[in-house]
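Same chain, two partners: subunit A is paired with subunit B first, then with subunit C.
Showing the complex of A and B:
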């Protein structure tokens, strides 16, 4: 009997499996110098390091949003507790009122009045005015006070963000100087001239920018709807932040589905050749020859029919939407493993003729052992590059699929759903642009960071590209 | 040459059979005709009679693969597979749920799709190559660096953004071109312009960056060093030697999508109201019109395989070292 009941959705479980795998892999890499070296190379690239920090911020929000629970209904008896059907997350608890402060309908970013006129009783007569928002700018007396108040909050946010960044920087400098047995000033000089061996200036700049953005947003969000509200009056900033998890889940879990298929079948085809190769090539040519969107659409329609005809399996709307998200990841994974598999097949074909593989075979080492010890480690960098490159494409694909009507559940927070719901509102006068704008900006930030990071990883891991630039 | 093409065409048959079986599996076995009927009839409490009636109307009341009641050849022909799936090999797609003949629709809708997709493809190829060559010519300078950054930024923006922004600014705010629609004949020009422009911008980021790597790979090769050693100017080296050799992977990569241009683009056509195959497909997906989706899957697969065969032929055509056996 507690105030909350933890809920582990399917995607939550898989996300945490993924995190655990990531941690295990990191520990493994740390212990092996030859694996550590290319990652050190990635960390030394300013673009990649900065992008990694931005990605980390997104991932933090996404992970917080993956800790789900249901609140206990306040009037349920203590010996037989009942829980709300609404599934919340740690992120919801953290942002608190952002979720609950709901207006009536659209309102512009930082506005204090509603978007649409309404009849309001005033002095006994009904007049058509823009009514005040319930929460946005509710602390203000009138419109004249709005701009100064916003400016004050922005300034305060910048000041706090910068001071936090300075504190972090100071601590970092102290720690680093102590570690390198340098004087404080010497380390600062090295940092200023970029002689640290890692992109210190970029890292500090990105951290400062992130801290300032968060601080400004916190101050503004306390009194306003920073990015306005949507059709049903929900805060667009909240929706955009909630959509981060959906984007990340699609970008990562799909790869999780792709990897076993691509690695297993790709290496098997290249290593065993003969009929195994023929069968696997046949399967992936068939899958490849069907246009991707159509195959995804067909499979999603079928999953939809399955879910709709079996409502008893899912106790909450969130669970149903979650299964659909998982199904989408599965389907996209099954349709997108072919390119990586082809790459791995080609590479394994080359590797199997190398002397050390032949020698291993001559000694009677089993196939599984040869693949595990000699083939797989030598194609692993290709797998890694494919993971980071595919990620951004998958995030973008989600929006397109949601538009087609075969994306995530319509009730789920996602950038695709935001765009889909708002694109017709551009025809209104004045234009409702903030929902679209927010979705595109958030998506752009995530995808750009992912692309820059992917470039860094590719350049560091692919020796063929090395030293090109 | 002829024998090779014939063999490739024969090799395509098992793949098409595979596609056909896969779609059959997806649309009739995983998702039974009963499910389809329930979805189409909408209501949750639909009666079994209504479902049966719907199945009879659409010809889904037969057994799936083997009809035990029939005798002779009808054992195999009087089934859902033979009636609805096997007929596709003869390009007879039957009727969609709206009662219109699918084959007819495909024939009339191919041209509008092509009117958008072909210019995007051709102009896009030229624009991407030009931009890539520009970056390669000024390689290792700030122009190259910022060109790559621009490419990464362009490809990080959702394709939907280009469409929506293009429609909003060019069509609605500045009234330069119509927002959407299509007309027959030469009038189509003004309707085609905006989708083509949007298509170009949304493709140039990834395209130019990819071609840049191809050209850079060529530039590191021995023949380029020889050409420079002969005293050829850098422009000459780039435009005659590197461009020509770089075109081999570019063109052969482009050939595979050539037949697929007939299918059009789902998103562009639906946003711009082009009555092509893309918008046909998207409407079918949204209306859950399974016969149409099935037909488009099959058509797409056929076109893709044609593209693969064309690619192999074009390899031997542009590069005499590749011999077809």
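Showing the complex of A and C:
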């Protein structure tokens, strides 16, 4: 009898399919020199390498958050176990009490007191004061001890983060020096002067920054709500972290829907010309002239109605929210394939007239083989560039759609929902800014990292940027 | 030497690699100085360095450039702008890329006039019109209002020349000014440049890889190799007795009438950054000794010539011509068997569709009734200028474009849907551009396997063996199969393309300008290879080209095409020696010859008309010096003259 029951939501399954595909693609690329070369170029760019590390941190959180399970109810009989309706993830288990330490309502970042006055019984009389929080700063006797305590935790966090970074750096240096058969000092000198052939200094710096940030957050979060709490008293840091998965799922799964449409139709239109081209062009011209938001709103509402009319299909709230997320990915994918398809159509138009395609036709090679061997490999760099550039756009689109109210399920953690929730409180005096701020910072970090990485990828793959082709 | 331009010890580096190293030369006013060499020798970089227009990462490392009394290197960028276009004009190779497609020709010329002569408004317009007139553009006033795409290649190049002349430069730099043009247009443009130079007393720096162009235009010649100037001299002396082994190789590699195998040199120009010590040519030089590899030779003066070679003046006399034509059995013996390929009245018309419902509003008659026959082991050259439909013929034979009418017979069988796959094995194509004809993402072995797989030749083991055999056959290293095309030079890529076509053991090979993108020494290697393969395998070639010198070397028969029709056909030697059709005559006359002292020959005026709207009657009559009334009314019938067929009223004697 296990204590947990694994739950595989639709998006979880797809995310892991995507991860598997990514691993397979990486192995394939490793074996092909002409595919490996531009990635090596990406890794040699400091900006791209740093951004990739930040993205990796986000992806790690997102993947941990995609391992879902349900806990067994403690009083259920062993022969007929019953499980909680609440679906948790490996990430929830990891952060422990961050999820459960719920206050009554709003509280500011690192505060000891609630943000709203309440009647409190004091010395027999009811006074209206800002009451103390249940968890935030509960270990302190009074307000005077707060700042020193915070400072102590920050310093401790920095010290630990830096020492972890040093340990990692030392291990890295030892490993690299051994691999390159150098003495330790020589490697350090090479590293210091940036003569490694990869951006060693940037990588170490970013790792150190990430480690320090994590350590500081860990120390602070143990005693405070680092980013405050929201209307129902939930920790905003927790919500923001949980929202990472939503953002990543939207950004990647939508691409999964986009790619087959864009690649298939785009190449078919450019390669076959004639009526195939006409039909595909009309389709995407029509699709492009309908406002995307309208289509998305309609589709999401239909899905919502479907979910509500078939409650028996979805046993948990998480499953319901998840199916809506999936539907959102689908419909966003269907509305956003056109630009890539148009690009690929143009490129295929050019490629089909090239001599090597003519030579293949002179041998009587079939169309599918020509597309597979001659056209697709030669437009693949465009596809890659489009994927990384579209990703950040999709993350931002989710925020806008959720804000408008046609995005993900309102019960789902997402930056869009955070912003939507914060909207009403912006008019409040004094203003509740931390929800909006947290969503902004997280989104900014993810999108900036994605954009910097995309820049690196585009520079490395774009033949016009010169270089190896 | 006093002169207009004096370059001393010029050295240019690009990203640390020395592409021009210690080049010294001068150009006098009214003189044409030709820089000759193969691609990658640093000719164009030298020209760009003179204008201080080096690409990113490029740097003038040392040397002086003096234009008159001005030291170009020390000028400020601001003053340099008045020199560029003002005192030095430049003509680029590709007129389509050098003119801005969204601005009118008049505006672009006017821009240069405003900048360098301060002319504006009507004065500028009048000056621009005069310039276009001077470069021989018909109806110049109307052309000022044309966009570049409305002009033909020859007119565009003339417009470019007019722009370069707008600043009344003292020195005109022409970087391969005619390489992108057809041979008759090339002749027109070169004539124009010559007359402009003498009329305006300009100095001209002519950069080219074509010995023929040099022979007809230059006063003095400098040969560049691997970034160095290796030989310099007056044209007549240079052509009478080239001194440097590299210069001699250039001559020997040139296809010439009555020549046996072309002399070739192995290897290629060393890459910048990998320059050998000592003489840079040593690795390819047949005369090289130890000293050449260690010690870079100094200039040696021999009369008007200067040469950088340790053996200057000691090498045996220049062995030009004299080689007797080898007894070419195939060429002499006529065979009467059924031809391998027989094309009868082939037509390819492309429909022009307009409007919403794509109504057909007209036809481009790209190929309009062409009949050909090629026998096994023989070569038919299909000759004509670009746009005459010769490539379309080749593609129609392979079913890459669908013929509108006519029959194609392979070995007695008519090509039809049922036997396409089988007949496909019998004809394959080699394309012009060695860079565009190989998929950069496939290994060479996969490229060679593709055809065998598609046509199901042999099993996997046999195919692998075949790949190894093919690579040896075309003279590529054994490990070439594992590499990607970008690891190979242009000549090697063309070998791969030939191997790909050979992979399915065809009986006919259609070669579409296979050497026109290659340097002359590499061209010689490829031509030799094609000839060897023909002797070995009994291949028939349909050789599509505009280069008559190559035809002379390779072809047994020739067919001259003009606007979709064959105007003259017959044995190659006869047609080239004594062409009958006025167009064939003009084509032969337009080839730049290296046997100097060229007599003034008739030049063809005007451009080839558009195949969309060919002239009534004989297509050639607007350009024909012999055209009569009947030519304007009726397309001429075939006139048989021995082995030859000519379609011309004048030859037939109808015009009197």
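Odds and ends about this structure:
Note that in this section the second predicted complex is superposed on the first by the 465 of 469 C-alpha atoms of A that agree within 3 Å, B and C clash if a C-alpha of one lies under 4 Å from a C-alpha of the other, contacts with A are read in each partner's own complex, and residues count from 1 in each chain.
Following the convention adopted for this analysis, a contact is a pair of C-beta atoms (placed from the backbone, for glycine too) under 8 Å apart; a residue touches a chain by one contact, two chains touch by 3 or more.
No experiment lies behind these values; they were computed from the predicted model shown.
Legend: residue contacts after superposition of the two complexes on their common chain; A:160 is shown touching neither subunit B nor subunit C. When subunit A is checked against subunit B and against subunit C, the one touching more of its residues turns out to be B. Contact with subunit C, but none with subunit B, is seen for A:378 once the two complexes are overlaid on the shared chain. After overlaying the two complexes on the shared chain, residue contacts for A:5 are found with neither subunit B nor subunit C.
When both complexes are overlaid on chain A, the residue A:405 reaches subunit B alone and has no touch with subunit C.
Once the two complexes are overlaid on the shared chain, A:281 sits clear of subunit B and of subunit C alike.
Of the two partner chains, neither subunit B nor subunit C is touched by A:182. Contacts of A:302 after superposition: subunit B is touched, whereas subunit C is not reached. Comparing which residues of subunit A touch subunit B with which touch subunit C, the overlap comprises 468-469.
Contact residues on subunit A toward subunit B in their complex (touch as defined above): 282-283, 285-291, 293-295, 297-299, 301-302, 305-306, 308-309, 392, 396, 399-400, 403-406, 419, 423, 426-427, 431, 436, 440, 443-444, 447-448, 451-452, 455, 465, 468-469.
Chain contact summary for the complex, subunit A toward subunit C: residues 33-34, 354-356, 358-366, 369, 373-374, 377-378, 468-469.
On subunit C, the positions that touch subunit A within their shared complex are 395, 398-400, 420-421, 424, 428-429, 431-433, 436-442, 447, 450-451, 454-455, 484, 486, 497, 500-501, 504. Listed in rising order, the residues of subunit B touching subunit A in the complex are 14-15, 18-19, 22-23, 26-27, 30-31, 35-36, 38-39, 140, 152-153, 155-161, 164, 167-168, 172, 213, 216, 260, 263, 266-267, 281-282, 285-286, 288, 290, 293-294, 296-297, 300-301, 304-305, 308.
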